[in-house]
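The letters A, B and C name the chains in turn, as written, and every chain counts its residues from 1.
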């Protein structure tokens, strides 16, 4: 079938064609970018935490009484928690992974404080932390119990450190990190005695330090606050959580148990904004596509009604139903192609804005291509119904004058 | 009352130029009943459109009641159509969504009559065409002849001085056509000037005077008295 | 004529109910989506203390490292917070109508009577905090300058904390136990939820205000631990809180109330002079860069409107545009589809203006119905969002200004969608439509 007569028919109904073409264009620009945002958020939400999240419980204790003993409370709590049947391992810690709150330090690979700093997210833990988080030791050894200092005298680096694999690469590149030293800005240093598997640190999507640039210090903190990581046997978390809360609350020490929560609490909280974005964008994408499809149906129906006589004449002159249907499909294809080309340009313009204003990565062409194909297919689907109705027009329409 | 002198109307598209009226002159006096005949494409409808101020001429002079109306603006022409002219079409041209009463009401609304006045006029004109009992019917519930009577009621409800009818019986059988022509003759007797466009010589004979149009020009003016000698062979 | 036009519009809309519903639905969806995102955006960006915007100034001093700026992305920005010593020195010496220095800590409240102790987030502030920020009291009042100087153990409770500790009754004069010490309640706040929490954007900009307020001086005398962010740049050995007080770490917020331009100028030259003095002592290695921000400027600097809500706002407006284009197409088809009737009206004497107004009334009716539908959908959208925002539920309440905005938007969208079709249809030449049916 020839394209020229279809094009000239489209040009005659310029306004209608322009309106539908623009709808397709805007829809493409939005959905291509929306799909990209949705995909990157889903990737973020589903990224593994690196720790045994389903079986982890965190608890916070804060001393308040005048006679509160920080170090004594710690050793008593650890013993208490380890004694609960079903608890696999326990460590104290300063930060909850992916909670959005934590501590960072500038380290140096040489004693020279002028050297470029290496940012690290540090976790203060005791000797059992590898088991408690559910990490694996990749090289070297774990902390020994005597290396743990419950209340350090100052903020100097401890003498021994453990790094994640990613942090080892960030700090020392291809060279083996084991046995090397990391320095702080006061020139104090610690020896890297172990490398553990990667886990997500305190902050999601951070750049300095990177999300998996973690350093473990065998320390407690100076404050009156402890947090505990309690790993339980699979499937026992929900049963044990109230039991743990009760045990801690009942143990005295002049402190308050501020909260006892599964690790998933923080994941839900941390990813809430991303989930919201996914839900909201998906809803808008669905509605927008539906409205555009209805627009296509509307225009095609109008075109069919306006051309009843012409269609009848074509039928009288020997056009088959399929020819009429194909005519409208081709017309819609041309319209869609025009819209998609403009839409692709708009999509990149929108992506440029997102990159500029929010430092988002540029839109990969795959998303534009896939969205364009999806819209073209949707257009064909939408036009099918009015096109079939056009095909069903009686050839006798041509000969009726009134 | 209607005076057209040397009217020219040209339709242009990208490819062709059609001279619908060329040097077209005609005069219709107050109270006359004039039939305009001619074959299809001769310019009858163009004449009617210009006479009814639906279109403007490209040249020449058109006076209605002594006023130069050929060059008026759109709103002024709409006003004159509304107050002085009644239209009757071949296709009846009733508004399908509106019932009989509301259809007759349309020109009166734009005239700005008060409700009581409008109601009285509508009832009176529907009485005249014999459809007072069908006021709340939709056009689709009426026969062709009834629809055309509604259209006539609509055309005369505002008491126009001048009635333009374009093949008013074209879509009707002969019995109904006769009824419509009787109605038009009655309206004319009451003083309304009527210009009837038709290609049917039978109908044209009921007018006082026939104007024959051919290739956009008036070819022959025949007084009422000469109707027996009309050259019917020229009519398509 | 309006009544007549309305009746014609109603007849016309009734004739093709599917297309009518489609048009109303499309605009309503667009309005619903934009109302939802607009409400969240508006809530996020609204200045909660607009009435005092011009007299309040957030104070920043650039005490950061010579080697790198506080914010590498915006190197001209001084740090958002201050050191203890600078905040205190300025609070004691600077010429201002009012001035507040403050920070965050947390304490454990013991409600007694066998109920378990719980954590309260505490704001340590000087007495001007309450009048400067228009903080509403349900009972009692804040403390005075003397309480600040003497570090009196007095407390102001939030409405919620008063509910938890005293069941919501007037607790002025009662005693609250915090970390083993007794404090006398001197005031209870009425409901106060400034959103965003403009006076401390560094520690949870959409958090609710603190649970309890204590005189600032108590933080030093009782050595209360910081509960907000502490940022440091200088290699310093810190052995506990005492060292933090003397360090270059920043963890205090400072606001001044400056009522005239002259007062602003005087304050600016005071802090510039102060930093110049400190430079002589070897501190403040960067160039003098002390800035005062109005609340609006402060909100802008912290980009409190999240990027997601800005993206959603743009997407919802794009959606509205698609809906409007769609409706323009439908209206155009529908008006031109009924061009015959319009031609008859023109022939019978309707002027272009009358035809235009008739169709505009029809469009207006669609717009009004869509506006109502859009508001309903917006309310549904916000209710759904409530699930997704939970703690930020104040962000998702439809308020009067947003309701008005939605109505205005609906009318605007309806007019935008209807103007062109109405104009097109009133240009229809009647002659072409009358000959055949």
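Assume a residue touches a chain if its C-beta (ideal position, glycine included) is under 8 Å from a C-beta of that chain, and two chains touch if they have at least 3 such contacts.
Keep in mind the model is a prediction, meaning the values are calculated, not measured.
Engineer: What pattern do the touching chains form: line, ring, star, complete or other?
Structural biologist: Its topology is that of a line.
Engineer: When you average C-alpha coordinates per chain, which one falls nearest the overall C-alpha average? Tell me, please.
Structural biologist: Answer by centroid distance: C.
Engineer: What whole-Å value do you get for the distance between chain A and chain B if each is reduced to the mean of its CA atoms?
Structural biologist: Averaging C-alpha atoms per chain gives centres 74 Å apart.
Engineer: Whole-Å distance, chain B centre to chain C centre, using C-alpha means?
Structural biologist: 68
Engineer: So the centre of each chain is just the mean of its C-alpha atoms; given that, what is the distance between chain A and chain C in Å?
Structural biologist: 26
Engineer: Give me the residues of chain A that touch two or more other chains.
Structural biologist: 402
Engineer: Give me the residue numbers in chain C that touch at least two other chains, ranges are fine.
Structural biologist: Within chain C, the residues that touch at least two other chains are 436-437.
Engineer: Residues of chain B touching 2+ other chains?
Structural biologist: Answer for chain B, listing residues that touch two or more other chains: 91.
Engineer: For a test of understanding, state which residues of chain C touch chain A in their complex under the given definition.
Structural biologist: 19, 22, 26, 29, 33, 106-108, 110, 116-119, 178-180, 225, 235-241, 243, 306-308, 310-312, 314-316, 318-319, 321-323, 325-326, 328-330, 332-333, 337, 385, 388-390, 420, 424, 436-437
Engineer: Going by the contact rule at the top, pick out the chain C residues touching chain B in the complex.
Structural biologist: Touch list, chain C to chain B: 1, 4, 11-12, 15, 340-341, 344-354, 429-431, 434-437.
Engineer: Which stretch or stretches of chain B touch chain C in the complex?
Structural biologist: Checking each residue of chain B against chain C gives 45, 49, 52, 54-55, 74-75, 78-79, 81-83, 87, 89-98, 106-107, 109-111, 154, 166.
Engineer: Which residues of chain A touch chain C once you look at their complex with the stated criterion?
Structural biologist: Against chain C, chain A makes touches at 15-16, 19-20, 22-23, 26-27, 29-30, 34, 37, 62-66, 113, 153-156, 184-187, 222-225, 249, 254-258, 272-273, 275-277, 279-281, 284, 287-288, 291-292, 294-295, 298-299, 301-302, 305-306, 350, 354, 357-358, 401-402.
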